[in-house]
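There are structures below to look over.
Each of the next two complexes has subunit A plus one more chain, namely subunit B in the first and subunit C in the second.
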Partner chain A sequence: MKLKKGFVLRVVGGESVVVPVGELSKTFHGMINLNETGAFLWKFFTEEHTVEEGVVALCAEYDVSPEQAEKDVRKFVETLQANGFAE
Partner chain B sequence: MIYDIAGLRINIENRCSYTDNFCKAYLSKDQTSPVDLTTRVTMEEFLAEKETSEGFSDGYIENICLYRNICKQIPTLNRLLLHAAILEYDGNGYAFLGRSGTGKSTHTQLWLNYLSKTRMINGDKPILQATDKGFLAYGTPWMGKENLGCNASIPLKGLCFLEQAPENSIRKLIPSEVSARLFAQILLPQDEANAVATLDLVDRLIMYTPAYLLRCNISEEAVQTSFEEMTGLAYETARKNKGE
Partner chain C sequence: MQEERLTIEEVLTQKGVYVGPTVGCSMLPMLKARRDTIVVKAKTERLKRLDVALYKRGDAYVLHRVLCPIDGGYIIRGDNCYADEYIPEKDILGVLTEFFRKGKHVLCTDKKYIQYAKRRLKTYKIRRFFVRIKVKIRRICSKIFRFFFPRKEK
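This part shows the complex of A and B:
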């Protein structure tokens, strides 16, 4: 799983937001709001990684059980794929 | 021709004469020194705008496109278009924001009616500049249907988001509430450098400028509510005398 190129993530008013730029902004409109784990995973998946690698990274960064982390990462990846954000 | 707008030297290459007259109060005395940016409208942009603005003259349509193109290029020059009305009270600027139809022009007109030392800097589309002391708000030739505003700049001291309500009340907004509301009132350029600069400018605007939610009716008390909360001054000291 890897995110498409052409999104930028920025912290605005303490909140993480993602917007499409360049070519991508012609097909995607609007912006995406991310919570803290969402922003962490977004950055993680700007490089090619598997769900399993995402779970390991999330557990290393946050105080979360492997079961919960796997649920979170799967849900995150599914949302990205369903919206066409993945390569 | 070269114009001085929002502290920038802007070369506007218009085809229709509409813009010459529209921007004449901003014409630069210096038509030879280098400029900060140049703008013109492509046929593609013109035709796209013509489709959405049926019934308007070609000059009017080109003029809208020119400002949009300017505003897409200025974030990397530390400036941001804000869809808002900027009022001055006694040397300080206050921005009033809201979706169209929420009573922005009604509320700002009440300020102009009731308060002394007040004028409109820009009624619709001011440009803000980030400085190390906070933001400056500039009047520009583009100032909305009512054409209220002037060629001036002023330190921005507050952002006031409007909602209609039967009773008047005002409260301070926290940063996460401000960002969601501000994003509805800005232009997000498509090129990466200007998009990133826009997000960073919005972040700075939230950090530097107190923001409020005003729920208001159209009474004089509505003016007192927003004025006292944003300026920290007593309304009676600022109110016009009868007949003024």
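This part shows the complex of A and C:
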């Protein structure tokens, strides 16, 4: 899974916000608020990675069980795909 | 991620801050359309000279610089515009507090930014003079061109 090009992650007042730039901003009008792990996964999936790789990365970065990490990464990826943010 | 579909006004009211891309060329060279990102905070106090205000004109959201706060409103003009406008206080939604230009983060309290804003206002008359000359030259060139290559009548 890889994120579509045309989104940028900005940190504003300690909060992570994703906004569209370029051509994508003509069709996508909105801002995406992410929590800390969401921002970590967003950065991770800017390059092509599998869900399994995401789980390993999340476990390495945060103190979380592999089961919980897999559940969270799958949910995150599904949300991205459902909203058309994935390539 | 929870999906909420809100207008910019609603985002400002509920979250207090709006982050998004820019559209249009009225704030060039500071903000380029669809390249830069703006951070606008909901208006909590009266704006000052050099602040960049977000307001609504019809259905469009406009981001222009405050030239002069006056009773009940502001005289406002875009950095790349040559006409002033009066905007009532009630129409102002928020104020630009920071932005990302070519990916670089700029705070509106930065010394360099304030110097830029002052310089932009100071050089207004000379810029307007050159723009008028440019328009006149263009008109003359167009007339000369039309003299030699007239439009075909239908």
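One rule holds in what follows: the second predicted complex is superposed on the first by the 87 of 87 C-alpha atoms of A that agree within 3 Å, B and C clash if a C-alpha of one lies under 4 Å from a C-alpha of the other, contacts with A are read in each partner's own complex, and residues count from 1 in each chain.
Keep this in mind: contacts are C-beta pairs under 8 Å (C-beta built on N, C-alpha and C of every residue); 3 or more make two chains touch, one makes a residue touch a chain.
These numbers were taken from a predicted model, which means no experiment stands behind them.
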Exercise. Superpose on subunit A as described above, then tell me if subunit B and subunit C fit or clash.
Key: clash
Self-check item: Partner chain(s) touched by A:G14 [first = subunit B, second = subunit C, both, neither]
Solution: first
Practice problem: Between subunit B and subunit C, point out the one touching more subunit A residues. | Solution: C
Quiz item: When the two structures are overlaid on chain A, which partner does A:S25 contact: first (subunit B), second (subunit C), both, or neither?
Solution: both
Quiz item: Can you list the residues of subunit A that touch subunit B in one structure and subunit C in the other?
Solution: 8, 10, 12-13, 17, 19, 21-22, 25-26, 31
Quiz prompt | Residue numbers on subunit A that touch subunit C, as the complex places them | solution = 8, 10, 12-13, 17, 19-23, 25-26, 29-34, 38, 76, 79, 83
Quiz item: In the complex formed with subunit B, which residues of subunit A make contact?
Solution: 8, 10-15, 17, 19, 21-22, 25-26, 31
Quiz item: So in the complex, which bits of subunit C are touching subunit A?
Solution: 1, 3, 5, 11, 17-21, 23, 34-35, 37, 39, 98, 100, 103
Self-check item: Residues of subunit B that touch subunit A when the two form their complex
Solution: 175-176, 178-179, 182-183, 188, 190-192, 195-196, 199-200, 202-203, 206-207
